[in-house]
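Both complexes below contain chain A, partnered by chain B and then by chain C.
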Partner chain A sequence: MPPAAPRSGEAIFSSVERVNAELFTLTYGAIVRQLLTDLEEVEEVNKQLDQMGYNIGIRLIDEFLAKSNVSRCADFKETAEMIAKIGFKMFLGVSASVVNWDADGSCCSIVLEDNPLVDFVELPDTCQGLFYCNILSGVIRGALEMVAMKTEVTWIRDMLRGDDAYELQVKLLKQIPEEYPYKDDE
Partner chain B sequence: MQFFGGSEISPSPPVPTATGNNAHRMYIFNRNGVCLLYREWNRPLHTLNPQQDHKLMFGLLFSLKSLTAKMDPTNAEKGNLGIPQFPGQGCSFHSFRTNTYKLSFMETPSGIKFILITNPRTGDLRETLKYIYNLYVEYVAKNALYTPGTLIRCELFNTALDQYVRSIA
Partner chain C sequence: MAAIYSLYVINKSGGLIFYKDYGSKGRMDTNDSLRVASLWHSMHAISQQLSPTTGCTGIELLEADTFDLHCFQSLTGTKFFVVCEPGTQNMEDLLKAVYELYTDYVLKNPFYEMEMPIRCELFDINLTRAIQKDRVALLGR
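Right after this comes the complex of A and B.
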């Protein structure tokens, strides 16, 4: 039995139950707004969004794997393509592209062509340091950690801050080999 | 967008070829060797306490995987037996059969191991395990009350699992 081919992001996106995009955008906006009120510091909000994303990512990875039929990726390049082509399409309904590879293939950028999180959003002057979509970087970090890749995900370009696109830099720090989890004398 | 709800499970379960109660036991481990779930439907003999039993099972799979990777004739790059592997390295097995039982095994890239022990005459259960993975996603991963890495105490998952394994031929 040959392994089943990965399903396309579109196919999965259209086969699952979805929530209305505007409701989603506004709910996310309300969360960020509430965090800003509760935590006061913009830097703290960035951290909290990243942590929330991480908690989502460590669960989301299983849904991604179960529904997409993706098996283990041969290298980090394939992994990045999977996130951009299948992951973003499957969960957010948008496509993304992978660009700017460095020489040894451990660092790249994911550029979002469309970002449903930021509709109706404008950053006021008091929040210029806010990474509004920081939840996305947390999701990617959490999901990749579950497949044994330690990564660092940072925003390079953000349209809310006046750039011309949304660009996330994903940097592979290390791959964690599988280890026997028990001690011998236990 | 798919962040809330969605109880529909895809793909649809493989069609059972006959009815019968063939499943004996099921284990789910995470990659840290924690036994997330142990279900028993038919096991007349217990020789070890549950902790030892789980550890033995996990150890068996871990060693067997390392052995299969070592014996892989298609891959020249392999170190000594038992050296840690990166994800994506080596090959893996999906089942073995003895005269009294069959063990089917699936490991997801996220390191969750699904083990189903059945009657030795059961056929290929790879699709079955995939379907159980989908059950896991719907009832466990999406369950806000479940903390990842802990024992699965989710009635809905157990019910769905019990019901499904009863149909395994």
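Right after this comes the complex of A and C.
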């Protein structure tokens, strides 16, 4: 039996249950605001958002795989395309593109065309160091870790900080081999 | 009528996190089901090594005189397998459906801890529904 063909991000996005976008945006805003109150330090909030994203990502990856029918990616380039074209569309309803590949194909940027998390947000002067959407970088890091890729995800451009787009840099640190036997030091 | 004997879910380190049997045949006690799960995990790993070609992802179907065992492994390493009467059709689709239920009702439950045994009522309910639907579809043919 041939494997089912991968589904497009749009098809999945329109077939799953969704919540009101404003409710989603405002809920995320409330979480960030509460973290700022609790942790006080902007750096700590960045770290906490990343950790929360990671915890989401390690679970979300299975839903992505189950609903999109994608099969194993041949290389990291394909993986990045999958995240941008299917992942972002499926979970956030936005399109993203992959740009700025480095020479050996282990580092690229994902540029978001739209970002529903920031609809009503203006960063005050006291929060200039805040990566408001840091949860997204954590999600990608967590999801890729579950399919044997250690990555580092950082924000390069952030419109809330005056840049002209949202750009996430995804850097492949190492690929954990899946074959048995696992080496003892891993 | 073709019947499903039992369904297993094993985590990526080979621990049994879910077991359910259907009907009276092939029923196993807890120890035996744990043993089957860890044996299958090892055999699956060995089968990848035995493959003469690279890129083998392990056994998908084991056929025996008295039962078939269909296995589906997700890219994250969780294995779902179903033991059923020989010749039962459409088990791949059923396993895919179970995988979707697992992502919806197990992984999205904030109180479920990853890699731990599944004790989620919603998963049980929806799983029973999916299996029943599968049986009705078989009867209809």
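Note that in this section the second predicted complex is superposed on the first by the 178 of 186 C-alpha atoms of A that agree within 3 Å, B and C clash if a C-alpha of one lies under 4 Å from a C-alpha of the other, contacts with A are read in each partner's own complex, and residues count from 1 in each chain.
Keep in mind that, in the parts below, a residue touches a chain if its C-beta (ideal position, glycine included) is under 8 Å from a C-beta of that chain, and two chains touch if they have at least 3 such contacts.
Note that the structure is a prediction, hence the values are computed from the model and not measured.
On the shared subunit chain A, the superposed partners chain B and chain C overlap sterically. In the overlay built on the shared chain, the residue A:V147 is in contact with chain B and with chain C.
When both complexes are overlaid on chain A, the residue A:L92 reaches chain B alone and has no touch with chain C.
In the superposed model, A:R72 lies in contact with both chain B and chain C.
In the overlay built on the shared chain, the residue A:E63 is in contact with chain B and with chain C.
In the superposition on chain A, A:S15 makes contact with chain B only, while chain C stays out of contact range. With both structures placed on the common chain, the touch criterion links A:M159 to neither chain B nor chain C. In the superposition on chain A, A:V111 makes contact with neither chain B nor chain C. Within the superposed three-chain model, A:C127 lies out of touch with both chain B and chain C [touch as defined at top]. Chain A residues in contact with chain B (one complex) as well as with chain C (other complex) are 1, 58-59, 61-63, 65-67, 71-72, 146-147, 178-180.
Interface of chain B with chain A (complex): residues 1-8, 10, 31-33, 55, 58-59, 62, 84-88, 108-112, 124, 126, 130, 133-134, 136-137, 141-142, 148.
Across the complex, chain A meets chain C through its residues 1, 4, 58-63, 65-67, 71-72, 146-147, 178-180.
Those residues of chain C that touch chain A in the complex are listed here as 45, 48-49, 74-78, 92, 96, 99-100, 102-104, 107-108, 114. Those residues of chain A that touch chain B in the shared complex are 1, 13, 15-21, 24, 58-59, 61-63, 65-67, 70-75, 90-93, 116, 146-149, 175-182, 186.
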